[in-house]
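Next come two complexes built around chain A: one with chain B, the other with chain C.
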Partner chain A sequence: MTDKCADLPVLSVKHLSIYFGGRGHAGLQVVNNVSFEVRAGEIVGIVGESGSGKSQILLSIMGLLPDGGRAAGSVRLLGREILGLPQSDLDGLRGAAMSMVFQDPMTCLTPHLRISRQMTEVLVRHRGMTERAALSAAVRMLELVQIPDARHRIQFYPHEFSGGMRQRVMVATSLLCRPAVLLADEPTTALDVTIQAQLLKLFADIAAEFGTAILIVTHDFGVVSELCDRIVVLYGGAVMETGLAPDIISDPQHPYTRGLLAAMPGLHQTPGTQLFTIPGQILPGANRPGCPFCQRCTDKIPVCATERPVLRAGSGRHIACHVAGRAEVVA
Partner chain B sequence: MQGVPTLFALATVTFFIMRIAPGGPFSGNRQLPKAILENMKRSFHLDEPIWQQFARFLWNALQFDFGPSMMYRDYSVARLIVDGATVSMEIGLAAMLVATVVGVGLGTAGAVRRNTSVDYACGFVAVIGLAVPIFVIGPLLQLVVGLQWKLLPIAGWDGTWRYKVLPIIVLALPNIGYIARLMRGSMIEVLRADYIRTARAKGLGARLVLWRHAFGSAILPVVAYLGPATAITVTGSVVIEQVFQIPGIGRYFVTGAINRDYTLVMGVTLFYGTIIIVANALTDIVQALLDPRIRHE
Partner chain C sequence: MNGPPLLTVNNLTVHFRLRRSLLERSSVVVKAVDGVGFSLGTGESLGVVGESGCGKSTLGKAILQLVPESRGEVIWLGQDLGTASSSSLRMIRREMQMIFQDPLASLDPKMTVERIIGLPLRTFFPGLSRDEVRRKVLEVMEEVGLPRSVAGRYPHQFSGGQCQRIGIARVLIMRPKLIVCDEPTSALDISVQAQIINLLLQLRQDYQMSLLFISHNLAVVRHLCDRVMVLYMGKVVEIGTRDAIFASPRHPYTRVLLNAAPRVGNEARGHYSRVSLQGEPGSPVNPPPGCRFQGRCPRASEICRKEEPQLNGARESNQVACHHPH
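Presenting the complex of A and B:
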């Protein structure tokens, strides 16, 4: 792969908006004008709390929005527009060029089918492989995600695996066709901490070894700081701050990002001290005037309530805030 | 094998309830001379102490001998049951097969095309099958198909298929209704499951997602219903047998009890019990085959 090729984004999302219910722009808007790119071998994290619309972004890329959901804007996979493609066309891409790992490994595997079937069917469908060839490829993939005794265990049913093992199976299944993009929706949230760490390392290895572009959605800044190259901080369906992970973690500028990082319990915290919380709660809908974070923001100025801040460049990142970064300009 | 104590309990309770009930097998007859009555009672061992009668019944039942019927002269209970059950089972099994195929088909179609005209049409058929009693549907079909169109015989039995079609349809209809509703509800729930989203995310295509990933789970409630429902259907329906004049076993349940035909009642009760136990065992086996989590327990 030439350098020029590597620079082209594998996944490019532009001006993505998602609505539920209603016609046209009438329904409830849950995602507002979100844009980002993921390049080969890069891991991008979308961070935000529950209700920020982050999972819906992944589902809209896959064409799997639940009934009543509609997406507008542009999603390009390897340069090809895929938003609004008919399901039959998307089926040619899903599981092949792009694949997805879901949050809860306990409910995301079909209970009455053996793991072998749930893995080989992907290769049979997309690669036209024989059952036999697909099975040995599936076993190799399970070995790659470090499932011991894979040859034997591939004949297990999902309930015979632990949560961490099931999530490895999910990851292995999603990698079978060597997708250009791997989407992961809170892949470690349902797992305990030691398993989380192993799985995060697995994602890092995948990106490095296969050059897979990984888009991971999480509410956990710990996951992001360990894993991601770049971060998109999402609030109320809109991008608040985006940039390189080390920059944002070491020097968060948007009041919401600062709040999120401050709310992370640290190991070196004095026992007994109160944990920081961002006051208030997230409001549904992403199409109110003003900044979506306005009600909960400690730094707000009058304009925040009336005018939606646009994403602008500033100190190695993009930020959508009327307050943050302005002082520097004045000073 | 767990069925044996169940059958024993069933036989014991039925035996004594039958004896507690007022009247006896010969009380309906015109007044018989005392000597003749005594003779008849002796021939059926009704003069013995009740414990002895019970022990005799158990001993004979173990050898599948339920004695002669007290009302249908010259017939053994075993003969009556075998003859009737052959007819009832044939019609009942055929009806359940039709009901399962049609019901599962309608239910699946309704779930996949939820809230469309297909769904409403399936729902309409299901409600008709459930709500209209078989003693209305039966004569209605006889009237239209038999009398007006002259396609099939109205009633009767000679063992050929022409006499079986209408009773099978009528027996199947309520089951079609119930199975269709069961299947629709279960399929809608399964199609919302996380693992269906996973299957779609693998790009398998709608058909594979439905039949491989959804069907196996969605069918489970139907299987659970099929066991008891089949047991009831194959043991005959008095109404169907009356309406279509079929020599099945269903009527013996009623006539046997009314006539205090002790031997016949014991025979059909044990037959019914056995069928239910076998049907439930088959249900358990099929469920275990379909659901690996049950197999594990």
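Presenting the complex of A and C:
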């Protein structure tokens, strides 16, 4: 591979919009014009609350949107357009060039099949390995994710593992073919903090060792803080703020990002004091005029209700806001 | 703390019998809660933290006398609930209420909000007129921030945060002295979590309510609780004031928990690499002899494998059950 190739993003999402129901641009829009890139070895976090469209973005990349969902725009995997590919072509990519882990491991592990069967199937199918070679590769992968006594445990059924181990089994399965991109939807949300810490370390090791590009969806700024190189803050299906994770977390500029961080109880808050809250609640749909955050924003000006702000560069990040960072633009 | 504590729990133990399989006759004992004791004053809030399976939810239910298998003493304002008659238990139940993790699942989908919130009143005070119940329901809805206009709606028409408010209103209408909260914000978004935390803080202040706050979220516990109890495999490993637990934890497990919690901020990056704890909690079916944490403990020695450490009250600020505390 030449240096030029290494510079290309592994995953490039451009102007992605997702609709449910209706035809064409009718129906409910849940994601509106979202763009981002993930490079080799990089960990990018998509942060947002329920209804922000973050999970739908991952599903559309995998070609797994539920019935009635349609995606428009462009998703390039290693330079190749994959949005709208027929299922047969996607089958060749899923589990091989890209794979996904979910919040609940039982959504991807089959309860009545031994782990050995579920893991070797991937290698036999995508890599044409023999059963025997596939089994020893699968055991090695389980050892890598620190399943103790992997040679013996690979013969277990999913229910014989604890929640944290099941999650690691799922990560191991998703890594078997050394995918270029690993998508993870709230992979640690259901886990205890000690197990979560083990899994976060595993993700960091995978990105560093294999150069896997990791796109992780989470609502937890703690996870983002510890793990991600860059973040994309999503609200109402649109990008509010995106940039280097340390920059945004130490100095959030979009009113939504600021509100979210202030609403989290943490070390900077005096215990027992009222927390900052974002007024109002999330409204469904991403195709209203104006800024999606407008109704709940405390900094809004008249133009926010009528004109959708575009992402623009400002102090080491991109931000979609009519108000935030204005001073710098003028200067 | 003035006067006798609101709630005293002594040596509370819940052992579940499990049959290994349908065919086997032999059964095993799961020690979900094993000899837990603490007391809670009026207006005080105690956080209960620990990993899943440590027995924190079972503890909450056992205090409310919802677990028939429980042994030990639960003393409510001087009265032992284990020996209380069913009629006095019924009276006391009005004063101790519970809110749950999954707000939607804990609400009857076929009832309107007004009926759900009014049900405890109609149950405990059947003499109240319809208008009186309605007036009280609307009053309490306002307190938790639900607009009057939604009284006729059904649970599925609400967001998770709104459902949690309905759950809190249903509890609050009894003006309880104690609310047991079982992970009440875990299923909520950050911005909604903040609203519910603020509501609980406000209610504590206004009504001097005590909270037993069960959570795995240490940041929320730190914000809301005066004291913290750390459970590991059904045992109290450390209990103390918020400041003592968060600033100078003494049990190795408490330290591990605090270190493992993801934190926000730039100093956070790479913290996970410091977490030395491997493995997962052992099974409460066959707890190891000695200290239950020994298999994962960086400080474990010979004595830890033989002798079970007892909770040591030498320091008032935090008591710890450990042979080698920090």
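Methods note: the second predicted complex is superposed on the first by the 318 of 331 C-alpha atoms of A that agree within 3 Å, B and C clash if a C-alpha of one lies under 4 Å from a C-alpha of the other, contacts with A are read in each partner's own complex, and residues count from 1 in each chain.
Criterion: contacts are C-beta pairs under 8 Å (C-beta built on N, C-alpha and C of every residue); 3 or more make two chains touch, one makes a residue touch a chain.
Fair warning: this is a prediction, and the values are worked out from it, not measured in the lab.
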With the two structures laid over each other on chain A, which partner does A:274 touch: chain B (first), chain C (second), both, or neither?
second
Does chain B (first) or chain C (second) touch A:87, or do both, or does neither?
first
In the overlaid three-chain picture, which partner chain does A:163 touch, first (chain B) or second (chain C), both, or neither?
second
When the two structures are overlaid on chain A, which partner does A:204 contact: first (chain B), second (chain C), both, or neither?
second
Larger contact residue set on chain A - chain B or chain C
C
Examine A:246 and indicate which partner it touches, taking first as chain B and second as chain C; both and neither are also allowed.
second
Touching partner for A:107 - first (chain B), second (chain C), both, neither
first
Who does A:76 touch here: chain B (first), chain C (second), both, or neither?
neither
Go through the superposed model and pick first if A:318 touches only chain B, second if only chain C, both, or neither.
neither
Kindly classify A:288 by the partners it touches after superposition: chain B alone (first), chain C alone (second), both, or neither?
neither
Touch list for chain C against partner chain A, complex
51-52, 159-162, 189-195, 197-198, 201-202, 216, 218-220, 222-224, 242, 256-257, 259-266, 268-273, 275, 277-280
Which residues of chain B touch chain A in their complex?
193-195, 197-206, 208, 212-213, 216-217, 290-293, 296
Enumerate the contact residues on chain A facing chain B in the complex.
62, 64, 87-88, 90-96, 99-100, 102, 104, 107-113, 117, 121-122, 125-126, 157, 159-160, 170, 173
Show which residues of chain A lie in contact with chain C when the two form their complex.
49-50, 146, 148, 162-165, 192-198, 200-201, 204, 219-223, 225-227, 246, 249-250, 259-261, 263-267, 269, 271-278, 281-282
